[in-house]
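Letters are used for the chains, namely A, B, C and D, taken in the order the chains are written, and counting of residues starts over at 1 for each.
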Amino acid sequence: MTKAHEGAGAGQTAHAAAWFTAITATTDERVFIRGAALDAAIGGMSFPSMLLLLWRGDVPSEAEADLMGACLVAAIDHGPLAPSALVARTIASTRATPMSALAGGILSFGELHGAVVSRAMRILAAVPGHGDLEVWADGVFEAERAAGRRLPGVGHRWHTDDRRAEALLDVATGLAGERHIAAVRALATRVGVHVGHPVAVNIDGALAVSLTALRIDPEYGDFLFAIARSFGLAAHVVEERDRERPMRLIDPTAAFYDGVPIPDNLAKETDR
Amino acid sequence: MTKAHEGAGAGQTAHAAAWFTAITATTDERVFIRGAALDAAIGGMSFPSMLLLLWRGDVPSEAEADLMGACLVAAIDHGPLAPSALVARTIASTRATPMSALAGGILSFGELHGAVVSRAMRILAAVPGHGDLEVWADGVFEAERAAGRRLPGVGHRWHTDDRRAEALLDVATGLAGERHIAAVRALATRVGVHVGHPVAVNIDGALAVSLTALRIDPEYGDFLFAIARSFGLAAHVVEERDRERPMRLIDPTAAFYDGVPIPDNLAKETDR
Amino acid sequence: MTKAHEGAGAGQTAHAAAWFTAITATTDERVFIRGAALDAAIGGMSFPSMLLLLWRGDVPSEAEADLMGACLVAAIDHGPLAPSALVARTIASTRATPMSALAGGILSFGELHGAVVSRAMRILAAVPGHGDLEVWADGVFEAERAAGRRLPGVGHRWHTDDRRAEALLDVATGLAGERHIAAVRALATRVGVHVGHPVAVNIDGALAVSLTALRIDPEYGDFLFAIARSFGLAAHVVEERDRERPMRLIDPTAAFYDGVPIPDNLAKETDR
Amino acid sequence: MTKAHEGAGAGQTAHAAAWFTAITATTDERVFIRGAALDAAIGGMSFPSMLLLLWRGDVPSEAEADLMGACLVAAIDHGPLAPSALVARTIASTRATPMSALAGGILSFGELHGAVVSRAMRILAAVPGHGDLEVWADGVFEAERAAGRRLPGVGHRWHTDDRRAEALLDVATGLAGERHIAAVRALATRVGVHVGHPVAVNIDGALAVSLTALRIDPEYGDFLFAIARSFGLAAHVVEERDRERPMRLIDPTAAFYDGVPIPDNLAKETDR
């Protein structure tokens, strides 16, 4: 028989190289995640606890699980005009498979949409334990500018004040070092000086603070956002298939909301 | 100016067609999901409750939210040999972006891996309110065979008895009509007669029973599985990038577990 | 060491299962495709010839290679309003990777956009060698309607008369059995009777006739379309990144053409 | 009616923003690519010529079209052990859609597999018109190392001498400035000094030289590779579905070639 690749290189691949995983083991009857029997966890452990166990390797406290749950809630959807939702809906409109629509939506999480939480976490990981945070924020701001990058975690193209971010920071307070919360606020202040108007901490920044407090590898930051948002993308795919004709041209300037009415006092507040 | 498409057809697309969504509305400060202010939900609502609100449109009971949480836990990971995990790891090994690895993993959810919960839900939706379930199961079995399809929700290539499924059915009992639980067991019995050995309800079947009990549109069944599993795929991507050299050839027959030891009594039980 | 999957099932996967490919072999210095040395083919064989060799297994005639080339040309682009182009551009606008934008575009090839050539080829493969094609077309039309499917290969949402299709059928004449050309025209006629106005053979239909004449496995039909169109998607991604600001909302009703002017006589003809 | 996004931001999106494309215009009957009628090009223009027209904007010479064709041939496949082929096959084995398998394969083109042609083109674009190329190569080598990147265009994990690359450079000679060919050879020499054994120009390097000679935007470099290779991925998907059982575990160390025999003299030469 001839190997599909023959030659000196083939020798290197002729023997199975053993490799190792510390995540999950399965037997004929059971699945164990980080050593915990999954059948016992079903009904016995909350989902945010299981997720922290999976991603961090140890069982979290209740307060930690609550913060993880709040992160998932915060990112779950942001309406039909997010690029990921428009992509998922456009694919759904061709009647390609629902899974294709979801994957397409996820592929739109780029440097400018969603995929900045990990980067924000890496910036926060380098916050010095003491010293002037204004000076630190200034250094970070200049370094990111020099690299041609937008500073992650602050500002939003629509929201001048993002209440999601503030609500999440409230949940994180106590678990998050006050230092990290102060650091992300210092970044917002620094950018505000640059653009000439107040700039708020955004949802990416609040997620970065929270996930840092939960001691998760920064690599998971973008995944947290993308997967939580996937639940929202699924809702857009199902609605697109249910309500709209196939192969329509989707005009993002003509999207209207006709769902459960928004409470008057909140809408009013918005109109002020 | 010349339209990118000119002619009779252009007229049809010249005017923005208004379209509607009932999922999410955003203002300058706030996000409302199914009418609920997201900032209030962050810290104020559990993630499974929010997910049910998003996908079903009304706030669930606590028991319903617990069942939804159990569904998410049940599907979160199944080890490194699932095709989706192998795909995500292979992509991660080329150092393509983490998001590409996740999307690739999701694309492997096909008719034989993951993407059968919706089909199982549609079969359960047609269970008659009364009458002999053996007769019904026989009819479903024959119809699926005639269509050249594997009956979804029962049997597994590895697990002879899938404790995840039984644990989830336990949580669902009470909320799920006993009828649906009996129906999926009748399907397993029918397939067992065909293959000549006992066949168990699998995780897809237990998810289908649970999500049917939660009154979710069957279209969401495959999404629930795929997105819950995405959290597991993320763990495989992160581990692959952390532990393995780039561009390795991944041999699925040479994967070993070296994580937290599996409790002795459970391992023994498995070895019997 | 503990296998990642332990138990009866593990035994089944413990030994490497040999598997075989007849496509490509590589050595330390060379690549052989269907037995042909790739280094000799570079500069020595036209691309359409190589593609036919790869997909069909034998070296084609020059006329066959010309028809394959014409198929690739015919599908290469269809403007910025095709769902695949809108998806690729939307992803590009978030500054996700170019490869993500391409993959997203490909995922939008569904039952209603692009991914119907294989189905059309399977219908043509069943054209009877003799007998009344009107009767045959009637049967196909009724069968597809009964299955809830749109008949592939005829009609277009924009083009009342699709000159790409006619040009490709011209190239195919001679190689394509006249019978297959007549069959696809009979399908167009049948649908025209149903909708009450003339319906033309579309590009999918002309591709199906051509690829059937080239004796390619029908499974390749959708791939031919999707991959040829990928070259066009690449152009849209590059233009989007070059000309447009990031994170723009793309309004498909506001797309204008400002490229090389269209020849007057052709534009006039269109205006008639 | 309530806009899906309401507030100050909504005003910005309320009016359709006109946008422009110079690629393709469509009318009811015709498609024009860079001003050329597609129906006339079908049968009237070779595929590589059309591709250059599409990507570059002007009609190429015959020698240019031949070089473009050679680039496509060179990248068309590299066997079943490339990560992209393994991903496409794994997805195909779950019986997810063929389009999902193709998209998954494309997503595996990362920094270490395929997606380096654009980077190599950007390096070549900066080759000085005169001066010592050894000095230049030394500078590039040091700069890439300092950035933690592998130098693109030279070396391969399997091929010690890559005949595809040499064959493509032969075709490019004349069109490619000798300067660029000399530059990429200088890079190979420089890396060879570093690793202590001769290092060859690889297919990425030869593609970068060729596409630079064809005056294509470097952004297209990775697309050329990825899309040409997609034709090969399609062949792997079709073979996987035809020859293998679903849901198999694909062992890359156990792949054998059983296609058209490789000519004796070439195989012998390889064995020397």
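In the analysis below, a residue touches a chain if its C-beta (ideal position, glycine included) is under 8 Å from a C-beta of that chain, and two chains touch if they have at least 3 such contacts.
Keep in mind the model is a prediction, meaning the values are calculated, not measured.
Trainee: Taking each chain's centre as the mean of its Cα atoms, which chain lies farthest from chain D?
Mentor: The most distant chain relative to chain D turns out to be B.
Trainee: Centre to centre, by mean C-alpha position, how many angstrom separate chain B and chain C?
Mentor: Chain centres of chain B and chain C, defined by C-alpha means, are spaced 31 Å apart.
Trainee: Return the distance between the CA-based centres of chain B and chain D, expressed in whole Å.
Mentor: Taking the average C-alpha coordinate of chain B and of chain D, the gap between them is 36 Å.
Trainee: Measure off the straight-line distance from the CA centroid of chain C to the CA centroid of chain D, and report it in whole Å.
Mentor: Each chain's C-alpha centroid was found; their separation is 20 Å.
Trainee: Which positions in chain D touch two or more other chains at once?
Mentor: If we look for residues of chain D contacting two or more partner chains, we find 1-2, 4-9, 13, 16, 18, 21, 24-29, 79-81, 96-97, 99-100, 103-104, 107, 109-110, 115, 157-160, 249-253, 255-258, 262, 270.
Trainee: Considering only which chains touch which, label the overall pattern as line, ring, star, complete or other.
Mentor: Topology of touching chains reads as complete, every chain touching all others.
Trainee: Going by the contact rule at the top, pick out the chain C residues touching chain D in the complex.
Mentor: Listed in rising order, the residues are 13, 16-43, 45-48, 50-51, 54-55, 57, 66, 69-70, 72-74, 76-81, 97-100, 102-104, 106-107, 109-110, 115, 158-164, 166-168, 170-171, 217, 219-220, 222-223, 226-227, 230-232, 234-239, 241-244, 248-251, 253-263, 266-267, 269-270.
Trainee: Residue numbers of chain A touching chain C in their complex, please.
Mentor: 1-2, 4-9, 16, 18, 21, 24-29, 81, 83, 86-87, 90-91, 93-97, 100-101, 103-104, 107-115, 157, 246-247, 249-253
Trainee: Which residues, counting only chain C, touch chain B once they are in their complex?
Mentor: 1-9, 13-16, 79-81, 96-97, 99-100, 103, 107, 157-160, 251-253, 255-258, 262, 270
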